[in-house]
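Next up: the structures, one after another.
One chain, chain A, appears in both complexes that follow, with chain B as partner in the first and chain C in the second.
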Partner chain A sequence: MAVPQPVLEPMVPVTAKVLGVRRETPDTWTLSLEPDRPGLPAFRPGQFNMVYAFGIGEVPISISGDPARPERLVHTVRAVGAVTRALAGSRPGQVVGLRGPFGTAWPVEEARGRDLVVAAGGIGLAPLRPVLYHVLSNRADYDRVVLLYGARSRAELLYRRDLERWRGRFDLDVLVTVDRPDARWRGNVGVVTALFQQAAFRPEATVALVCGPEVMIRFTLLELEKRGVPDHRTYVSLERNMKCGVGTCGHCQLGPVFVCHDGPVFRTDRIRDWLGKREP
Partner chain B sequence: MTKVPPEVLGEHPFLQNLSPEHLRTLAAWSRELEFGRGELLFREGGPATGLYLVRSGRVSVELHTPDRGPAPVQTVGPGEAVGWSWLIPPHRLRFDGRALEPTRVILIDGEPLRAACESDPELGFHLLRRLVGMLAGRLEAARLQILDMFRRR
Partner chain C sequence: MPARPAASRSASPAVPAVMAAGDLGQLFSALTTRGYQVIGPTVRDGAVVYDAVDGPDALAAGWGDEQAPGSYRLVRRRDGAIFGHRSGPTGWKRFFWPPELRLWQARRMEDGFRVEAEPAADPPRRALLGVRPCQLHGLLRLDRVVAGGPYPDPRYRAARERAFIVAVNCTEAGGTCFCASMGTGPAATAGYDLALTELVTDGAHRFLVEAGSEAGRAVLSGVPHRQAEKDEVAAARVLLQKAAEAMGRRLDAGGVKELLYEKFEADHWDRVAERCLACANCTSVCPTCFCTTVTDATDLAGGRAERRRRWDSCFSVDFSYIHGGPVRASVKSRYRQWLTHKLATWHDQFGTSGCVGCGQCITWCPVGIDLTAEVRALRAGGERGNGV
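Now for the complex of A and B:
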């Protein structure tokens, strides 16, 4: 597991200018940000920033851009609350606050030389996109690479241009499915776990990365177990109520871990007992 | 329409590890069929002709509705099987199966297959175990779809 790297003044935000805002789906936007302060720590795939809409509040948002281009920080935001709505509604030139990068990273180094299965549901593709950028920039380091992506509908697929470009490659298997097809959809219909039937990989030589709604994560892990991928080579990214980002406040505690500090990326065998744990 | 050798049948994931004897039995009632994009493999309400094993291409399992036309509920791809109404009375199809792209399947005729399952309980058990696995997967997928896990709360 990657060890969190030190950040500059972890509780003090730096300002960043909004360079662009792109609408991905009816309720999801992608912001490109340029920090005002040069020399910020580079991020690793899977890490997140605390993004601050001044005067409204701060939320944890995974970094969804290319780790080889750390000067431009990309965040995909689903507008579900006051802060995310404010961020989604921001305009180029506006200024937001940033703290980070925080948290653990996807094990892209451990996956070298192996097959890589990336399984994402809905907005769960956002923290996994940096993995795909990294892998495609270092394609010779990996064997088979498979992306399984499920969304509610065609309109709710993230990063359509990336998906179309990736599907055109001969060195990457991209399988996409939607739960609710419209009349224009010609692709797979069904949940993301059903895509495993069509995915070609060697379970004994696979590292799997999973992110999406927690129910999707649990069923995807069952599918990976059924196919023989051991728990110690599957990783999940969890979402909890993260506030401080540095493992101090305790809001994101999950059993013995703080998701913001010990996660959000966890090796499955280390949190297996806590997945799906219900509040008393 | 082409007969299917037992060894080719045995390569399909649905029938993997079935004994050579059982594969020979199934091969007697198996044929390979090809469907063009948009063609129906089977149609709701029609007689359940048998078990389809997809070798290549993709099959959309769908219901035709008067207001929306075909409503796809699931896609079945290479290595998967589709069709279990041949086993369950009244042996009538519940859904349409449409090729989304050029698709090759193996069709094992339902009637002799049913009779073989009755007369050879070991073959019946092995096939039922596979069918139950397939049904459990489809049921789980349908439940997750109903749950609508991506819906904004």
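Now for the complex of A and C:
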């Protein structure tokens, strides 16, 4: 597939206005942005932008909005450090910098006609939400669709409105679990992989998409393998330090791949050897 | 871009020319009248470095160097050779991929901020005089990385496209060189505009000159020269052959990619890590190391911000940092990353080795770590590999 060329130079951001800010969890906010310059390339589910906070820095953030509305760029940011704190603290009307969209996409076309399993842990739901938007607007293209989502606690669930809406649909299985339930929690407790017991899908006809912390990814892949989903039909999205997003800074290397442009979405069998490698 | 100049600069099969060493000044004039700034080897701080030179007098003529693991020393040569030294610590990549560069500035406005990119349009036209064959391969490999992907760096590309390259073949091997085993020397085969072989024999001091491009032929036509005699061509060939044979060091490149993948878990990495200081000297002298980082800053009032890009190294602990800690926290995993990248993953990424055999990482390593020896040790070690 042709790589969309960002406008201007690859290292120079365009500005974008913050239109709206929504608090998702105690430390996570969703920004919706309108680029000042029209005609930016449309994004595909799974791609990310390098997002810049004035004077502070620039970090990779997945695009978490609806791919059918590319004029509105949505980013869900968990405040963990200097840049993400600044971004998460943006107010409507403020301006940020953007470069992108970069990276590979989830295989929403290849998955047509099959069952789709979407497994997310924590902030890992952000890069997968565009897949769900896409699938729900093209629901007839897919067979069974299952979302398995785990967070640490009820308060840390992202996109609760979407989850409610999706749960109300008969054509989508939404299974949610938390590690630490509070008194009001009526749902599943435990890790994401435990949800597989309730998930109805046909392993031989399934495409599975996985994003979350690396341990979560590892155990989810094991579970999928155990259930007989071949590893050329499971996909993961990975995280590495990124300073350029365009393959020239070297930071994001994982063995032979550059996570910024060979990824972040990988077909599991293609990076199997490097997934489990520990490099402490 | 990288493929294009390389392809259009293939060595011509034509009979080489001969230029008297005394006419080197004419080569300078031919280059400067065409608008080139000449960069060449010159002596500074006890080493041969590459910098602007305004004539043959500024070149490091009459100097040689003694290089060994962890040591470098300039020595006077008796034969008066002009290019009688080998690769030096500064290399050529800095002229295209500078150690530090401002990418853009941003000005705060009432309604946000405005980004002002640094002008990229007009990089200087540089003539690089004295590029060793290994270093030339280094540039060609850097082209692949920085300008050969889907997002070529515009500044690198513009500077590279305007550059004129005068390669100088190596008639003597340096103390840490191993280009012959990497297939990158001692003679340049592609990517140059002119290639010189210096002949200092029986009182006659001259250069055999081969043109590798139209631009090279045009410059050569402005410099006094004649057709080479058969014995001059033969003499050059013998010298290059001898240089290859006299090279004391080799890296057995056969199967080295598979070897490193196989030895990912080998105990030998612990032993290298005991010596390595993670000082990053090796990555800064390496002609193919390309890693960079960016830094952001604002002025005191906070009205202006800028982003700079500067060389970085996989030996720094922050290099692989992601929330929670670095991916490669230990020196062991960082040295392994470096060597595995140079000799193994580079093949998968760019179709060649990331090492051109220039030996500079060996010379400038303060503790004299020699990658050719490390590869031999990994090969010899019958230890558990448990690789990929």
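Rule of thumb we're sticking to: the second predicted complex is superposed on the first by the 271 of 280 C-alpha atoms of A that agree within 3 Å, B and C clash if a C-alpha of one lies under 4 Å from a C-alpha of the other, contacts with A are read in each partner's own complex, and residues count from 1 in each chain.
Here, a contact is a pair of C-beta atoms (placed from the backbone, for glycine too) under 8 Å apart; a residue touches a chain by one contact, two chains touch by 3 or more.
All values reported here derive from a predicted model rather than from experimental measurement.
J.: Check the residue A:V95 against both partner chains and state whether it touches chain B (first), chain C (second), both, or neither.
T.: second
J.: With both complexes overlaid on chain A, does A:A183 touch chain B (first), chain C (second), both or neither?
T.: first
J.: Spot which of chain B and chain C makes contact with more residues of chain A, would you?
T.: Touching more residues of chain A than the other partner does is C.
J.: Mind working out whether A:N241 is in touch with chain B, chain C, both or neither, as first, second, both or neither?
T.: In the superposition, A:N241 touches chain C alone.
J.: Return first, second, both or neither, reflecting whether A:G113 touches chain B, chain C, both chains, or no partner chain.
T.: neither
J.: Would you check which partner chain A:T193 touches, where first means chain B only, second means chain C only, and both and neither mean what they say?
T.: first
J.: Using the touch definition from the top, say if A:V80 reaches chain B (first), chain C (second), both or neither.
T.: Once the two structures are laid over each other on A, A:V80 reaches both partners.
J.: In the superposed arrangement, does A:G122 touch chain B (first), chain C (second), both or neither?
T.: So A:G122 only meets chain B here.
J.: Need the overlap of the two footprints on chain A, from chain B and from chain C, as residue ranges.
T.: Touching chain B in the first complex and chain C in the second, residues 80 of chain A appear in both lists.
J.: For the complex, give me every residue of chain B touching chain A.
T.: Those residues of chain B that touch chain A are 58, 60, 68-69, 72-80, 100, 137, 140-141, 144-145, 147-152.
J.: Can you name the residues of chain A that touch chain B in the complex?
T.: Against chain B, chain A makes touches at 27, 78, 80, 121-122, 151-152, 156, 177, 179-181, 183, 185-191, 193-194, 197-198, 213, 215-216, 219.
J.: With touch defined as at the start, can you tell me which chain A residues reach chain C in the complex?
T.: It comes out as residues 3, 5-6, 8-15, 17, 54-58, 80-81, 94-95, 97, 239-241, 243-244, 246-251, 253, 255-258, 261, 273-274, 277, 279-280.
J.: Under the definition above, what is the set of chain C residues touching chain A in their complex?
T.: On the chain C side, the touching residues are 103-104, 106, 108, 111-115, 117, 120, 145-146, 149-154, 264, 290-294, 296-298, 302, 305, 307, 309, 312, 314, 319-323, 327-330, 333, 336-337, 340-341, 344-345, 348-349, 388.
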